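Heads up: the structure comes next, in structure tokens.
As written, the chain order gives the labels A, B, C, D and E, with residue 1 at the start of each chain.
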Amino acid sequence: MQMEFAGFPYLSAILLSCLAGLLLILFIPREKQLQIKWVSAIFSGITLLLAIYLFFAYDKSRGGLQFVEKLEWIPYLGIQYFNAADGFNLPNLLLTGIVFFTGVLTMWEMRERVKEFFALYFLLVIGVYGLFMTMDLFFIFVWYDVSLIPMYLLIALWGTTRKEYAAMKLTLYLLAGSALILPAVLYLVVNSGLNTFDIVALMRPGTFTPSQQKFAFILLYLGFGILAGVWPFHTWSPVGHVAAPHAVSMVHAGVLMKIGAFGVLRVAIFLCPQGWQHWAELMALLAAVGIIYGVLAGLRQTDLKYVIGYSSVSHMGIVGLGLSTLTVDGLNGAVLQMFAHGVMTALFFSSVGYIYDRTHTKAIAELGGLSRIMPVASSYFIVAALASMGVPGLANFWAELLVLISAFRVYPVRGLLAIIALVFSALFMLRVVQQTFYGPNNEKYATLQDVTFGLGMPRMILVAILVLFGLYPSLMLDMIETASIPFINGLP
Amino acid sequence: MMHWMLISPELYYLTAAFWLLVACMTGPPKPKRDYFTALSLSAVGVIISLASVTLQGILFSQTYRIDLFAQVFKVMLASGLFLVVCICTELNGIRERYQRELYLLLFVCTLAMMMLVSSVHLLNIYISLELSSYSLYILVALRKQRDMGLEAGIKYFLIGIFASALMLFGIAMLYGATRVSHIEDLIQVLPGLVDNPAVIIGLLLTLSGFFFKLAVFPFHLWAPDVYQGASNQVTAYIATASKVAAIAILLRLIALTGDGSVYLVHVMVVLSIISMTIGNLAALVEQDLKRLLAYSTIAHAGYVLIGILSMNDAGYSGAVFYALSLLVMKFAAFLVVVQVAGDGRNLRIEQLAGLHRRSPVLALTLMISAFSLAGIPPTIGFTGKFLVFAAAMQRGYFTLVLIAMINVVISLYYYLLVIRAAYLLEPREEPADVRISPALKSLSIAMTCLMVVGGIFPHYLIELARAAVRGLM
Amino acid sequence: MTFFTFIFFLLAIIIVVSTGLAITRRNLVHAIIYLVFSFLGSAMLFYLLGAPLLAAFEVIIYAGAIMVLFLFIVMSVKVDSSEEKMFPFSQLAPTALFGFIYIIIGVVVVVKAPGSYAILETAVATPKDLGHYTLASHWLSVEIVSLLLLIALIGVLCLGQNKKGKTEDKT
Amino acid sequence: MIVPFSHVLFLGGILFLMGIFCSVTRRNLFMIVLGVEIMLNAAAIVFVGAALRWYDLEGQAFVLFVLAVAATEVSVGLAMIVYAYRRTGSVDPSTFDLLK
Amino acid sequence: MAVLWSKDVTLLAAVAATLAPFASFVLIMVFTRSHPRLSAGLSLSAAGISLICALALLAGHWDMPEPIQYSGNWLASGDIHIPFGYLLDPVSLLMLAVVAVIGFLILVYSLGYMAGDPGFARYYALMSLFLWAMMCLALSPTMFQLYVFWELVGLSSYFLIGFWYEKFSASQAGKKAFIMTRAGDVAMFVGVILVLLNLGNLNILDMDNPSIAGRIPQNLLTLSALLIFGGIIGKSAQFPLLTWLPDAMQGPTPVSALLHSSTMVAAGVYLFERLFPFFSLSPHAMAAGLAIGTISMLLASTMAMVSRDIKEIWAYSTISQLGFMLMGLDAGSFFSGAFHLTTHAAFKALLFLCAGVFIHKFATNDIFELGEKGSRNLRVPMVCTVIAAGALAGLPPLSGFFSKELILAGLAGLANPLWLAAALLGVFLTAYYAFRPIFIVLFPHHSTSSQKASSASPDSGHEDAHDQAAYRLMAIPLLILAGMTLLLGFFQYPLQDFLKYQYAYLGIPADRHYGWLPYVASFLAFGGVGVAWVEFGRPGAARVGFVERIPILFRLFSERWYLDHLYRYLLERVVDKGLSHIFAQNDNKVIDGSIDGLGHGTVESGRIIAFLHTGMIQYRLLAIFVVMVLLSLYFFF
């Protein structure tokens, strides 16, 4: 077997520490819940630290793929275990680390079948990490499914509203996406004549004819797009968000939907740039419709999580719009939006989680006046809402700015549509904030405690990250540019 | 004498069968002792098959071929038998008096299938196929719940003889048109005769016998009833070993006809699509777990056909791998069925309720096998599907792969229902814990590991399958 | 048209007609009797086509043993076949339709198959030749068949051996 | 000189169809088995004709085995049918609808 | 970034001025939330630093021929570069100073006003944020930075307006303010992008360069100018987005004072000043702006004439004065707008702060009640109110008179006399509505004020001492502001001198003086006051305005020309019940329905197929036969 490791395999170390955590959890007796939680927190923390290390250790001046790990896996089919980091996946790895870690902390108070929960949660995250770091098409598909399958049990077992329906719907819906991906991937690999699944090898210009690219691109786009919540294939997302337990919602909306967008970028766009150029108009249209549609449909929702679900649809539309612009700015914005939206949604669900755990309701109509009772918990939600509205000072603003500018430049009408959605997104979010947190003191909840420091920690981290990248977006954008500029310049 | 060494697995199984036959005729049945006899016999069989895996030779006036392909399948069959015997600890589904006959018939059937995978002469193939079928007809009918067993037996039998008559007529047509009875001659004469309807239709009819074994549409109609009607262990055997043998012989035949006939490919494409579609659709509403697995078998037959009809190395090796994966994952599923239905009755899905507490190991095995059957990575079932689909794509069958993938999605629905029952449903009244012996527990863990490890590190298995296929050509 | 040709057509007519009668009889005994005629016709056809040993076996096994067994069983269980619904439309109609297509296909197959007009010349395979050949090149199959019959025996024993222990076996 | 092989093949085909017709349309388990017997016989005729065509004993050897298989089939089949008849009192295939 | 570390005193001052409030915001939010006094101290000292720095900057750059610009890279992506920095020129320094002064005074005032409020610390944090955003906005060198802080200003005003979030109307008003200004912002955003796409950057100095006309096609220039003007409409509450401002008085009164005088709404006008050369390149945009300013001014005046709520009246007056400023600017008279903005900041802050004292004391907003409860006894605020109202009405020699006169002069220079006529009408109406509440409060009908006052005092008797302290604390800023209102008018020439280098390259002709204009204006202003006196002030007046005698008009005016109804209708019918409903239904019924339908269809077809597998054995044989025949048949095709 041929191996190639440039130094210590940090990327694999992330996967391995997840795996180690998973195994360790399996070996802890189920009664020792606290131990399980600590193990989860420690191992997720390790992955976060590794992700942070990678993020800063990446040599931006050199760019390109770094921390490459290559290992022949199935040589007969040209399948390699090939991990690498570049400007596109490092933000996502960091995001995964953040959401993973904070997700564990968010579930600190859970009591029910803790062991299984964290085991599945780790499995889920292994898939997510794996997908973000791999550069091999086969493994992309494998990780895609690995990250989907635990979702079923996580939602169906620990979920809330219509959980079984939602779990089934989500799983089948997303696997339907994979039903488009696998044929398309195979199609590309076979037609390349290279007998390899290596993305780097396959993305060389001229590997595929334009018509092949067009054909494969649309399949890949739709396949991954389903996971990215592309309109009109988004309906799994609100339903799934609502039903899932909080940490799962966090990972789900925060990271899993990014997998879809990342897949579009890494597979569809990387391999079929001409297909991309051909279908960009359609992508932009769907994205723009999704942006405004998500916001408007969300206006009428009465469940806190539904609201967030629809806002996710809208925000993922922004990612899609960015990806459709064929410009550096668009790509930058899209990747930044992936990151920012991930953190923001995680914050949303994390704070809703706290509120739900206390009040046992997510119905907006039953809440109200919470700001007086739990000001800190409320303010976390409000920060998320502000981020969602694209308020400057928070990371989302920059992402939306970049995407909207480049979209407006390339597709004026669709861009305008997306910009107009900003008004409604403000209306949408402020209305929720008002109905949930403002208004007179709610007697029902008067005895509830505000969030303590320890429990508030995950939310604090998320807020801090939103603010950090809101005030200092270059930190992230410089990273993304190392990938996006060479990529756009390399386009035929 | 080298000559006899070549067929040592067959000889061994023949001897074992006679031993059991003698045992049948002597003294009253002692289930425990019989079980261990059968278990040790089958375990030795596995060892012998493994030992003879590298043998090569042509025997019996060119009608019998020992090559890596056949030997690999023999190992699979032997392990299939061994595994099925393993779960015969509580033969509550079989009348006690006939338990030794059960072992006897299983051994004979395995022997017949071993001969089937080595046969290269149509007559041999036909007769071995009949032998294995007849053993199964009787096995099915041995069910303790007689009405069920009998009905299933009759249906199996009638459809079986109908299919075998079709096959025989096909052989007759083929022979009449080409004088070919030795399938290795087919490859020489066939290219000139692809337009001859008698040859091609004869070939199609010949294949129908194997389609029957594999439960491919339209010869699948026995499967649901037989799976439901037969006792759990017998069903397990039908679902594992018998399928493996059918895949093997189908592969051998198709590999030799080459991709001469576009028509045959088309027919197989159609049959494959219909098989997997109706299999998966019918399973959606099924409540009886065994019947559900029968439908899933039909669907899997469709997937395997994709590999076979690709008619290239990749497809054949994919099919071999698929056979192996089917053996493992179907067996794992039946292991759970047999253990949970301790009374030998059929198992309805809702009876799985609360399994995760009653027996976490079994629940896990069930879950992994369900995902594996559905083709979700990183399980062995996924790798099998992947190989097969990749092979089909090499031939440009994009639509076929797409349809197959859509089928995978549909199938996941009912597999998830099974998992849901095991993990989510709470039983209405608390059923007793599932008793499971440590040996079986470790077997079940081993199966789970095999499914996962085989999915993560499939390299060596794939290489093995490829080597086997190289021997085939 | 040679004599043999004539014989062939005669036998063909006998076989087809008696088979046709057999499959349309309500009474099972009648049906079996007609079928015996059909098999006897087949036996003669075998003889005509140069297979005297097979002809003899056909008479002994098919027309003899198998049909007699049939007859024996049918008579012993006294099936009241008068209640049988003969040729229900739902089965008859598609069978007839596709049977018709089948015939068309059969004609085309027979007509189109190259070399199927090769005239069969009379020749005889002596029983000795056949026996020799069979045991020389197919003795494995012979063994398998023996095993098959053994299995059938066991199976019948198992199935028949219920309460009364009555057996209707036959090898 | 007897007839062309096509005639034999055609005869076999017709018989085969009759066998199928019998097994498919007669609501009687016995008749189903009987129909299959006819089908086997049809195959045997074709084999013998083909053997003559090629002057090859292979075809005749086939028939030999077909006879044996037919015998097995009848014995096992009849045993099952009789057994079923004893339990249900009917040989109508439509009475077997327990499994679903 | 290197620039930011230089030892340039100017830069340090600018950084200190802008950073101090932000630092206090962060510190309060993170650490001292539970310590009101400490928080207030932090906030005040931060505001003090800003004030000192701002004044120092203003003084230090009194004669500044060239704008000073500092910038560091904030974000660079592809061809979008977003620098962060400071642009110091007369306009921005003046604005900075105004914000710092007013802000500081209001913070001092709030010590008294907000004392004892549970959200005291939060209040100071948000105020600091507000000041920070506004200062950074004022010093923005690029439209991007300006847009960012523009949004932040909106955000902080949202929080401050909805400060008392337990009150439904307060949170509602905050939301309304944010969303209506957001609507304008979106237009502005598009306009900014248009400029960016055509110009390549958003440097304000580049945009103000007349050479821009050659780099952007004229129609695009007009379009983007109009779109950016949309942002101004939203922020400065101009027609048609003017209804949020009267509602915004739901916030604490000091917030209203800050909002109305120097921050939120002033930002719109400030933007216009900032981009004055840019706008003046497009005559159509200028004309549109003029029209909108005029309409807003008149509409707001009419609304103010019928309102009974003192804060609402001052809020309407803000709109109308902002309309005046825009009219002046759009008429091409840069200085008049800037000057009026400055004077307005002072007297409007004063008006609100005085109103705040009344409200704080008597817990009512209704002018009639205020009058009856004896507001006139509160000498300092009453006097200050009169002074400020005089300035508002443009009575000489108060500051408002001078600035308004300049605007009128600018308008008089226009070819179309209609604008001047409208403005003069506005002057009259302003005087009328400014003095209508004064007279009502000052001369209550049932002059039993002392009884009322004494009956009111027992309620809060035990808090008297505290009240007195608070009152004194509040009085100081009032007096300072009153002084400014009185004197600022005379600083016209120094100010003009200060601003002379601003846009000097445009070669704006010096405003011509129309000798008759001050007289006409003063006459009209006094006329307005006189009418108000006749109707409300004189003993035995009917206390019914002439508008109230015409019910239709009264209804129209008091319902804000039904603009709110229109918006509510649009929101409820078109957005909520229309689009949103349709989309949500579409989601449930069409998309989800079809997906679920597909699922059910699949399962149902599965049921059918499973049923087929239970058929009689012969059907199965038949099926085999049929399929094989069909497959054979296929061979021949």
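Just so we're on the same page, a residue touches a chain if its C-beta (ideal position, glycine included) is under 8 Å from a C-beta of that chain, and two chains touch if they have at least 3 such contacts.
All of these numbers come straight from a predicted model, not from anything done at the bench.
K.L.:
Please find the path from chain A to chain C through touching chains that uses the fewest steps, and give that number.
P.N.:
Each step joins two touching chains, and the minimum needed here is 2.
K.L.:
Out of curiosity, which chains are bumping into both chain B and chain E?
P.N.:
Joint contacts, listed by label: A, C, D.
K.L.:
Two chains share more C-beta contact pairs than any other pair here; which two are they?
P.N.:
By contact count, the leading interface is C-D.
K.L.:
Grab the C-alpha centre of each chain and report whichever is closest to the global C-alpha centre.
P.N.:
Here the chain at the core of the arrangement is A.
K.L.:
If I average the CA coordinates per chain, which chain comes out farthest from chain B?
P.N.:
E
K.L.:
Which chain's mean C-alpha position is the greatest distance from chain A's?
P.N.:
Chain C.
K.L.:
Find the geometric centre of each of chain A and chain D from their Cα atoms only, then give the gap between the two centres in Å, rounded to an integer.
P.N.:
64
K.L.:
Taking each chain's centre as the mean position of its Cα atoms, how many Å separate chain B from chain D?
P.N.:
Roughly 27 Å, centre to centre.
K.L.:
Centre to centre, by mean C-alpha position, how many angstrom separate chain C and chain E?
P.N.:
Measuring from centre to centre gives 101 Å for this pair.
K.L.:
Between chain D and chain E, what's the gap in Å when you average each chain's C-alpha atoms?
P.N.:
96
K.L.:
Which residues does chain C have that touch at least 2 chains other than itself?
P.N.:
Correct list: 91, 95, 102, 105, 108-110, 113, 115-116, 137-138, 141, 145, 148, 152, 155, 159.
K.L.:
When you check chain E against every other chain, which residues touch at least two of them?
P.N.:
614, 617-618, 621-622, 625-626, 632, 636
K.L.:
Give the residues of chain B that touch two or more other chains, as numbers and ranges in rising order.
P.N.:
Residues 123, 127, 130, 134, 137-138, 141, 154-155, 158, 162, 166, 173, 176, 197-198, 201, 224-225, 413 of chain B each touch two or more of the other chains.
K.L.:
Can you identify all of the chain pairs that touch?
P.N.:
The set of touching chain pairs is A-B, A-E, B-C, B-D, B-E, C-D, C-E, D-E.
K.L.:
Sort out for me which residues of chain B touch chain D in the complex.
P.N.:
123, 126-127, 130, 134, 137-138, 141, 146-148, 150-155, 157-158, 161-162, 164-166, 168-169, 171-173, 175-176, 179, 181, 198, 224-225, 228-229, 291
K.L.:
Inside the complex, what are the residues of chain E that reach chain A?
P.N.:
Per the stated touch rule, the residues are 73-80, 147-149, 151-152, 155, 158, 162, 165-166, 168, 171-172, 174-175, 178-179, 182-183, 185-186, 189-190, 193, 196-197, 571, 575-576, 579-581, 583-584, 586-587, 591-592, 595-596, 599.
K.L.:
Tell me, which parts of chain C touch chain D in their complex?
P.N.:
The contact residues of chain C facing chain D are 2, 4-5, 7-9, 12, 15-16, 19-20, 22-23, 28, 31-32, 35, 38-39, 42, 45-46, 48-51, 53-54, 57-58, 61-62, 65-66, 69-70, 73-74, 77, 79, 81, 83-88, 91-92, 95, 99, 102-103, 106-107, 109-111, 113, 115-123, 125, 129-130, 133-134, 137-138, 141, 145, 148-149, 152-153, 155-156, 159-160, 162, 168-171.
K.L.:
Could you pull out which chain A residues touch chain B in their complex?
P.N.:
73-77, 138, 141-142, 145-146, 149, 152-153, 156-157, 164, 168, 171-172, 175-176, 178-180, 182-183, 186-187, 189-190
K.L.:
Applying the document's contact rule, which stretches of chain B touch chain A when the two form their complex?
P.N.:
So the residues of chain B in touch with chain A come to 371, 376-378, 382, 386-387, 389-390, 393-394, 396, 398, 401-402, 405-406, 408-409, 412-413, 416, 419-420, 423-424, 458-459, 462-463, 466.
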